[in-house]
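There are two complexes below, and they share chain A, which is joined by chain B in the first and by chain C in the second.
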Partner chain A sequence: MKIAVMQFPGTNCEHETLVAVKAVGMDGEIFRWNRSEGELSGFDGFFIPGGFSYQDRIRAGVIASKEPVMQALLEEAAKGKPIVGICNGFQILVESGLLPGTGKIDMALAQNVMVSKGKIVRRGYYCDWVNLRHDAPSKRCSGSFIMEQGSLLKIPIAHGEGNLVTTTPKLIERLNEQEQVVFRYCDRNGRVINEFPVNVNGSTQSIAAICNPEGNVLGMMPHPERSFFAWQLPSFDPRKQRPDAAGPGRRIFESVKRYIEVSA
Partner chain B sequence: MSQKINLRVWLKIPDAEAATVKNTLARRFGYADILNDVKKERLFSIEVDCGDVEELARSFAKELVNENKESCKILIDELNFEEGYVPVKVSLKIEDGEAISTRERLRSRLGFTNVVDVKKATIWKLYLGGMDPELRAKKIAEELLINPHKDTFEITSRMG
Partner chain C sequence: MGATVVATADPLRFGDPFGPKANKVRWVAEGVVDGIWQYGNALGVPNMAGDIVFNESFDDNCLVNVVSLGIVRRDQIIRSRAPPAAGEGGYDVILIGKPTDSSGLGGVTFASEALREEDEETNRGAVQIPDPFLKNVLFKANDDLFRLVREEGIEIGFKDLGGGGFTCATSEMGAAGGFGMEINLDDLHKADDFPPEVLSIAETQERFLIVSPPELRERILKIYNEHWDLPNVYEGARASVVGKINTGDRFTVSHKGEIVCDVPIQHLTGGIRYQREEKARVIELTEPDIPEPADYNQVLLKILKSPNIASREHVYRYYDTEVMGNTVIRPGEADAGLIAPVRGENFGVALAVDSNPFYGRISPYWGGATAVAEAMRNVAAIGAVPSTVTDCLNYGNPEKPEAFWEFREGVKGLSQACKDLWLKGHMGQAVPIVSGNVSFYNESPQGSVDPSPVIACVGIIKDIGKAITQELKAAGDKLFLIGPRFDELGGSEYYKTIFNVTGANVPIVRFDLERNMIYAVIDAIDEGLLAAAHDISNGGLAATVSEMALTRPAKLGFEIDLEKALGIGASASMRTDKILFSESSGFVLEAKPGKEERLLEILRGYCLDPMEIGIVTKKRRIVMKRASETVADIDLDEARAAWTSGLAEAMR
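Up next is the complex of A and B:
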């Protein structure tokens, strides 16, 4: 089971992501953007890590989305292989049309706008630990394959452009109806409150992650590789005292592994 | 009666973002033969309701332009561009937090209480050869320069 961790100029989470891939028992390697895209067909799954590909020039993710390797990933996605885009990886998937999955650019991850009690209280880059509620049914999506609907994850975010907006008529309704909304920002009890600080970036309906209609492509703004081990958790979390224990982000990587096993 | 100060700002040093756009258009979109160059400007459109507009414009330029690396051109109640390229003005159609922050900085922190509004945009200057450069510029904007779910664009006027 071989995973390609994609690296574009400006990607900065590829090593942590690769550590996580290997820690759940998958083989993996970092795949630079300028390698022959034909080599991608030899991999069973793909992670597009976070960072600032091409320094976010023009807008986050757009230059990377035009690279030949992304066209190859589109073909691999059509074969049903799992692709998980994290943070900037999610932005790249949106700009390439792989998410929400119509092949067109159907939405944008725009600049964060934090709203509370009807007022804008903050804008722009923000990093914090957030709570996520898994809203898709179990096995709906490759990257949350082993997770039960309604289960909670504590994972960090760090981004300036994660505010899901769209002018596509009825897109949000369709994502909800087809169970493509995989994670929403929520409080520690799992309640979705559509304002800051629970909704950390102003995203429509507190959406933090979506998948394509087939479920094999997942894009998520939070960083599971940064909460893969318990020692990565914040000091106020009691699980941090058990450094060898698994962190909540591990479930994303275990899900991809299980998805590949089941799909084989 | 309010007046509008347009502040066109560009880098004196090499602009890596413009170079990336040029490379991407040439290598990924097939414009190598007709695209001679790409340059970029930031545009501040500042609406004021009183005061010496020329003096205000110079003050705003002092605050918003880093003279070590940037140059600017001030235009009062007009916005036009030189011949030789197609100017594509890209701005957010959702709320522009940076423009609001700039307005508040000018009004509240720097005391320019006559500032009514600030809008920001990016001007992509596309040096295009061949037939119908404006049509090509429109296509380039739609293909690369904007995400229609958050951005809008217009081909702005040039000097006749």
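Up next is the complex of A and C:
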């Protein structure tokens, strides 16, 4: 089972993502953007990690989405192979038309706008730990394959542009109906409150992650690789006291592994 | 050096956000924070520590110090000098990175002058223009270079281009190896056809220099120009062979067929010895005669909201504190940040920064010594052993005898502290200062900045599972104070915020007491006796213990008795405000239940006088009494609103 962790100029989370891939027992390597795109067909799954690919020039993710390796990933996606885009990787998947999966650019991850009681209290980059609620059924999506619907995930975010917006009529309704909304921001009890700080970036309906209609492509703003070990958790989380234990984000990587096993 | 950068910290000093230059001060503060996050986040290095102090001495001259921490195996360190074989071997001089332009021309000279408003336009060109995107790609390409030379077992020289640009880096590399060098400026990749003097000293960012044997040339060029595709990643960026090392002793530069420079290389790098006069600054300060406040609730809320005490959350949420996935303790959770930079290993590296300009104003010596002591306390408060120190010494114009005196006093203070707070387990052996930086001429016609020897302390903890944080953990836990309260409120937050006076009794470092406190706290954490620890500094005991309740998740309150904070030998008549707000050094410790006896044993073993001052409560209130009389009693949410809004309101 071989995973390619994609690397564009400006990517900065590839090493810790590869650590997580290997820690759940998958083989993996970092795949530089200017390698031959034909090699990608030799991999069973793909992670597009976070960072600032091409410096966010024009828009976050747009230049990387035009690279030949991304065109090759469209073909791999069509074969049903799992692709998980994290943070900037999510932005790249949106720009490439892989998410929400209509082949067009139907939505955007816009600048964070933190709204509380009808007022904008802050904008832009934000780094903190948040809670996610898994809103898709289990086995709906490659990257959350082993997670039960309604289960919670503690995980950090670190982005300036994760505010999911769209002008496409009915898109959000369709995403809800087709169970393409994989994670929403929520409080520690799983309640979705569409206000800062629970909705940490102003995203429509507190959406933090979506998948394509087929479920093999997942885009998420939070960083599961930074929540992979219990020792990475914030100090007030009781699980931190067991430093050797697994962190909540590990389930994303285990899900991809399980998804590949099941699809094989 | 061949190290991987694993953390940064950013001690910042800005002017008075409520003073006559408030608008400019706030604009500068927001701009500096934007610059730090936009560069650091894109580069992909976590920001693990920092501090911000506002005071009017920085109205015209802010200080932006940034500490960077790297990790490298001792046997893989790469030196910034031409290696011994470079002369005979005719080694290449290879320049990599951004094309040389005219940015940052005279940057070091600019930074070494007092600022005058009318020079603003002329000075603009002296500012370097950084690009984190290119740096990110260069870092990865450099890793491939270091791997190549490790595999080949070949020693190279490697150096970052900083102040003084190309000439400085090349001549220093050559001279450090004892060789001469020929440079051809026509071979430099450049943004335009600049005159030779511009190419030689412009401080274009994101450039490095390699001195390497000719047999590696093609493979090195390939790493940068093909694998990492610099020319297509950034317009004009690449690796170019620009010169050769020789066995001579001259530094020769040619440009368009002409020799434009031919000097003995040592001439460029040898230092100049100055004779500076020094004269003690006459500092006329007295202790104020102030009435004791009637309403301590209001005083405490005002202090918690002060921009120098308030939560730093408004700023650190802009910083990526999690990238690299190594973060164990992040900003806001404790006195120091902690990373576990080597996967599969249990050890952690702690980082903290400190310097109090208000103390430096009263006594530049104690300003230096207290900065070292506090940075070391910060690291100890999470359980790490202070292992090394670095400094950035920020002072005024050293040509003025008083400013030079301040500088010398500051250096004496921090040197004394490093010697007398020696390395744990190595009695008498000073904590080493392994690197540093001096920044003079921090002044404008309105005066110079307060003496600011900014200290960063790096600590090591063997097991990250033992590290602790500052927030209160469980109702019923007992709170202990170590470090007696002295009448040391000179430069304190209390004097400044409540009475707008400086005072005279600056906190000093009692070296034996300080060292014993630091070691005792480390030992107690190592034995697993403490649930939380927080060091006492700005705002005194009152702010310190309040912060422990206010730090997330902020679910618990506390009740303390100030009468019990007096300890052995203290004057029983010490005024309540002085007990609360004296900035004498110390720690507040939350003991784990059942571990109190062993804790007291350890503390007493270090000749300390532990004071059991109170208890953690389920009731979410900050309660301070003296004997049976209530001094302060504040709802935790009200205190938290003050504490979390103070910095945002000062910066917006």
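We take it that the second predicted complex is superposed on the first by the 264 of 264 C-alpha atoms of A that agree within 3 Å, B and C clash if a C-alpha of one lies under 4 Å from a C-alpha of the other, contacts with A are read in each partner's own complex, and residues count from 1 in each chain.
Convention: contacts are C-beta pairs under 8 Å (C-beta built on N, C-alpha and C of every residue); 3 or more make two chains touch, one makes a residue touch a chain.
Since we're looking at a predicted model, the values are computed, not measured.
In the superposition on chain A, contact of A:105 is made with chain B only, not with chain C. By the touch criterion defined above, A:168 lies against chain B but remains apart from chain C after alignment on the C-alpha atoms of chain A. In the superposed model, A:55 lies in contact with both chain B and chain C.
Applying the stated contact rule after C-alpha superposition, one finds that A:123 touches chain B and leaves chain C untouched.
Which of chain B and chain C touches more residues of chain A: that partner is C.
After overlaying the two complexes on the shared chain, residue contacts for A:63 are found with chain B alone; chain C is out of touch. In the three-chain superposition model, chain A touches both chain B and chain C at residues 54-55, 124. In the complex of the two chains, the chain C residues touching chain A come out as 37, 41-44, 131-133, 136-137, 227-229, 233, 316-330, 333-334, 340, 343, 346, 464-465, 469, 471, 552-553. Taken in their complex, chain A has these residues touching chain B: 54-55, 57-59, 62-63, 66-67, 95, 105-108, 110-111, 113, 120, 123-124, 165-168. Those residues of chain A that touch chain C in the complex are listed here as 9-10, 12-13, 15-16, 19-20, 32, 34, 50-52, 54-55, 124-128, 156, 158, 223, 225-226, 228, 231-232, 234-236, 243-244.
The residues of chain B lying in touch with chain A in their complex are 16-17, 20-21, 24, 28-29, 92, 94-95, 97-98, 100-101, 144-145, 147-151.
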